[in-house]
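What follows is a set of structures to go through.
Each of the next two complexes has chain A plus one other chain: chain B in the first, chain C in the second.
Here is the complex of A and B:
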């Protein structure tokens, strides 16, 4: 089933390109540790979800590029065409001459309604070409103007136009010390609006990815491109094909729908985070071997201690004894130590994958009291290796991991709002103070819901 | 007795070997049918036939019921579990012989009771016909037409918390899951329709039958993979032999039923229990697991009987009181005036109108249900009689959906009002009614 990727704004377009490029490079990877025939089925399954076939036999990404400035789009189109491995569709982009100037209200209230018809027509034309549509993956930044404002507007429109499709927003969380002064306002507005219309928000924190680049990938001068490649690798490790069940060698038909069904059926809990193991520079891969037991032990500790990467895991954190309410769980302001999950999806790829024991993730103490591990935990496997890693694991988790960053953003935005700083820039374009207050309420509710697991 | 009404009339072979032949034909028409010898033993209630008859009953009922109700991993393998399952299904269908339900679950005796139960199923469920349908080889493209009303209402087994309560968030989670599964289903149906349409358009004019005009998916598959035709041939041969056996059975059925009469005669005091309290409502019982039913049944039955008696008492009292009241009133009141013709006509018209709207509402139900053959036709192409246009059925289903949605809204509003009243009782609580959930 097809997934349409909508790349929004500068950030969305740049990351979108890296995602497709990573997938294509992985498809042509000869070190997949599987037979040629198996590799062909893997390729076919990936193409079924993310690419169209074209007369030139170069796969065409099922993606739409949308930005209010032409520069990034033309660069992205060109880069894809030059790769030779894949390309974008000829008429699959929409751009204008003037951006949103980091003003959420401008993207949402001016660009959105003005270009609604053209963009929705573009999407409809794209969707009509497929035999089936699983849903949309919208890549956008949370703090900018076009990606976030127009993204929120577009998500709402997609929800109304395609009520039976899944919508996942890939949200890029800004650096804590970001350069845009109103980024917290933009973030609050984006998150609250997406929470109403999207099915899931998969969050990528710039700070975290930056640290991964520095500590794990050993990159000295970290560029946006490096950060985007790490995000692309993480996304690829989730959405590349996996077997539909443990004893079958058939690839799953609807990865997006299956992921949503496993993780976000509850409408109050839509925040997803992504962790990967291992991550290292490509040239070190050849000298390293991994064991499933070690990888999974690390990944589990990363989950419960809320570590975003392999390095610096707090091994002291243990799950609360079952039956006793964990003190850490109830207090919202206290430093959260144990990270309680609602649901987790574990994706394992590579050699001897069937021997990997995932029992550590099926412990009821890891999960909220109202869900059993049988409801809350899901695993996908395939023995085709991903992106040159002989063995790799990814964990998509619906848990308390975002409580702290969310609380920080809401707090900072509220302090600014209390002194009415920059609010006129929003009211000028029709976002009233009341809309702000509504957004704060929504986010406070999300924080409270996740606190009381 | 209904059984007598089902006997086919007409010539039958009534020679000395006719009965074994009839039973042999029946055996061939049913999967895993037993030998005539087992039936003979069962007539004399010999214990040797018990095991075979229980397993026969179990395998038949399992095959019929496994399709939609029970998942294969629940298959009971021990004899005890099988016996419980058979008793449960028979109860669901309303089989009323107490002797049967009292048979021990170790399967030590009671072959004659089992024979009676088997014959009852044979007549009541039309077993051979059901299996013919199950084995039928379909070569056309099928489409299932059903509405919510036809679906079995299955209770969801909720995991109770320590205090015997369910967390509301768990129910919301399950509801969300249902909604997502529904979306998945919807999308795969859409995909199937698109692909079917492609095949139908591509193979237009290929079918020898002019009224169909295109190939179906199974037919296209055979063209693509000719080796699969061998399997099809086998399936058709097996269906054919089943049909032959069925015809033979139909021909000789009377002999069997005459013999069954003699079986009944040998059962002293074994007349079927026809009093009403033995018949349970199948739609209630089908929703529960066999384990639950057999355990709870006796208690429920006793409760029901006690309730019925109390109800009867109350009804009698009320009726007597009413009679008193009515007779008093009628003595006091003058005779009502005769209705004028105009008034009567008005009432008749109103009733007529009500009836037609009711008829229209009921018309919704009149769409065909179950598996139907799907044939593609271009618009304005002539339609042979009997075929229904999918567009029309969709219209009917949409009307049904709209009416269900109205009911849902009404129920939601009622719930909201009730919740609002409850919330008023709580001090310091602000009540914000939830928005209607999207699908």
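Here is the complex of A and C:
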């Protein structure tokens, strides 16, 4: 079943490109630690989900490029065409001449309705090309105007037009400071709207990824490209083909759907985060060996102590003794001690994958009281290695991990809202103070729900 | 891609405009090696064939500036039309007169405004029709004189009426304390009211600051530091492209070039590609928290990008530090010791996001931000550096440090205006039912005190103009006072402890 990727705005388009490029490079990676025949099946499965073939035999990404400004799209199309490995469809983009100017209201209330028909037609034409549609993956940032405002508008429209398809938003969480001044307003409006129409939000925090670039990838002068490549690697580790069951050697038909089923058991909780291990510069890979036990031990501690990478993990954090109520209620602005999960999906790839013991993730103490580990935990194992890593693990989790960043964004936006600063920029395009208040309410509700797990 | 139109008004506006077009052409020439009319060029230029028909694609035939040139004298515009830039403009883009506005805002605004309104609208429309997506007007003028100040702000009103959707960025050159135009405080304060009400963003510039920067550049050139060489064919201040270079180069040319560079850097990210674009409409969105507080203090670093010199490059981080120093601001202001409402860093060249982040982290503790915008940073990365340099930074600050400039202006206005007030005190002893106008005429015969005479005579020149009432002065000064008051209100919050606002409570 196919997944249609919708790349929105500058950020969405830049990351989308890196995701397809990473996937394609992985497909042609001869060090896949599997036979040629196996690799062909792997390639076929990946293409079934994410690519079309055309006469030229260069895979065509099942993606739509949407921006309200032409520069980024023309650059992205060109880069893909030059890669020689893959390309975008000839008519798969839509752009306008004037961007949304970092204004969520402009993207949502002006660009959205104005270009609704063209964009929805474009998407429909794309969808009609395939036998079966699993759903949509929408890549967008929350900070700007197009990705966030138009993204929220489109997500809503897609929900109405394709009620039976899955919608997952890849949400790029802005740096705490330094990108866009009104980013907290834009984020609050985006998240509250997405929460109504999306099935799940997979969050990628720029600050976290930036740190990974610095600490794990050892990059000195970090560019957006570096950041985007790490995000692409992480997404690839989830969405590249996986075996549907441990002994069948059949690849999963509907990864997007299976992921949602595993991770979103309740509509109140749909914030997902991603942790990967190991991550290191490519040239160090050859000199490093890994053991599954070590990787999984680290990954589990990363999960429960809410560490975003394998460096600087707090090993003191332990799950509460089961059966006893937690000593203190979690408060969003305090440093989280123990990160309670609702659900986890563990994706293991590489050598000796069947020998990996995932028992540590099946401890009931990791989860809320209302879900058994058998329902809350899911694992996908695949023999083929991913992206030159002999062994690698990705953990997608629905947990309290986002409480602090979410609370910070809501708090900053609320402080600004109290002074009414910048509000006139939004009311100019029909987003009133009431709308802000509604959005704040939705987000406070989400914060409270995750707090009370 | 969206387009911009430059409206240059008065002597100062046209001189700066001229420098700007010269630099813009050079910049595009160095980036666009193939001679193809591309999207970046399209932003500020039309491409026309020999018959004057626009061509949207293909090779460059003849580039025409998206500009309207307006002056009520002929001198500067004629010089441009005889200079090397003559082919960039055609006669349809010009409005000139021979009489001048006599350094009188009222003549520019009221007399020439109403007389030329239709013609101005027509030229603006023509220019706008050549754009497929007009995003922004850049108005360049000075505040002290008559045409730039009066007619310039009149045009600002016209732009708002006729093109309400299009952004209005105004580059305003403020007079220095020792201005040779005695009426400049009147003109400036009258113009300020219009800027307050009708501009989306104003970039104030002070001649004194430009002069200091030029001196500093000269000092650098003459310092004889090893590695310092004067560039022969540098882009930046070699100004023969614009007004014909005279033997004795006026310091104004270099000063105007700084302002032209400001506009070039301001628009670079919307013209050229980069990893973090910043469109023009993002500037007011991020930097203007309240409609009237739209004055942005700018600084350009490193300075040698403004000069014809090769100076051994200093550390990249120095560029960021300098941008916050008072010596580098284009007005006489010290942002470091005032309150930031918001700040934008527009970076060009070989700089990455990690460089920006490191410098923000390093600098933010030495800066004061308003309580509700502690992280008020907007950044952009344009990959095309200024010609001949590896990187540059334009910092735009919405900062209460503009206040002293406005207060100084108000004081100079009041000093001039008070003299008139004291006249009224004398007159109150006399007949009461005389109108102000006749009173003034009457008084101008009676009062011999030189200064009083002078100031009255000036006021008289304004009030002589049709529809120019005394209330125009009082309204203008109260508009300025209320703007200053808004900055005051923010200033008093500086350094106060920050309270978190009580959040919404969710009942579960």
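One rule holds in what follows: the second predicted complex is superposed on the first by the 446 of 453 C-alpha atoms of A that agree within 3 Å, B and C clash if a C-alpha of one lies under 4 Å from a C-alpha of the other, contacts with A are read in each partner's own complex, and residues count from 1 in each chain.
The working rule: a residue touches a chain if its C-beta (ideal position, glycine included) is under 8 Å from a C-beta of that chain, and two chains touch if they have at least 3 such contacts.
Computed from a predicted model, the values in this text were never measured in an experiment.
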Between chain B and chain C, positioned on chain A by superposition, is the outcome a clash or a fit?
fit
Which holds for A:355: it touches chain B only (first), chain C only (second), both, or neither?
neither
What is the contact status of A:316 with respect to chain B (first) and chain C (second): first, second, both, or neither?
neither
Go through the superposed model and pick first if A:267 touches only chain B, second if only chain C, both, or neither.
first
Looking at A:375 after the superposition, I want to know if it touches chain B, chain C, both of them or none. Which is it: first, second, both, neither?
first
Touch check for A:165: first (chain B), second (chain C), both, or neither?
first
Looking at chain A, which partner touches more of its residues: chain C or chain B?
C
Give one of first, second, both or neither to describe whether A:103 is in contact with chain B, with chain C, with both, or with none.
second
If we overlay the two complexes on their shared chain A, which of chain B and chain C does A:30 touch? Say first, second, both or neither.
neither
Does the superposition put A:131 against chain B (first), chain C (second), both, or neither?
first
Superposed angle chain B/chain A/chain C, CA centres, nearest 10 degrees, is 140
Quick check for you: in the superposed arrangement, does A:90 touch first (chain B), second (chain C), both or neither?
neither
Rounded to whole Å, the nearest C-alpha atoms of chain B and chain C in the superposition sit apart by 8
Dual-contact residues of chain A, meaning touching chain B and chain C, are none
Within the complex, chain C is touched by chain A residues 10, 14, 69-72, 75, 97-99, 101-103, 145, 175-182, 210, 213-214, 219-225, 227, 410-412, 414-416, 418-419, 421-422, 424-425, 437, 440-441, 444-445, 447-449, 452
Under the stated contact criterion, what part of chain B meets chain A in this complex?
159, 161, 167, 169-170, 172-177, 179-181, 183-184, 186-188, 190-191, 194-195, 198, 437-439
Would you pull the chain A residues touching chain B in the complex into a rising list?
1, 131-134, 159, 163-166, 253-254, 257, 260-261, 264-268, 368-372, 375
Contact residues on chain C for chain A in the complex?
1-2, 39, 132-133, 135, 273, 275-277, 279-282, 284-291, 341-342, 352-357, 360, 364, 371-379, 381, 500-501, 503-506, 508
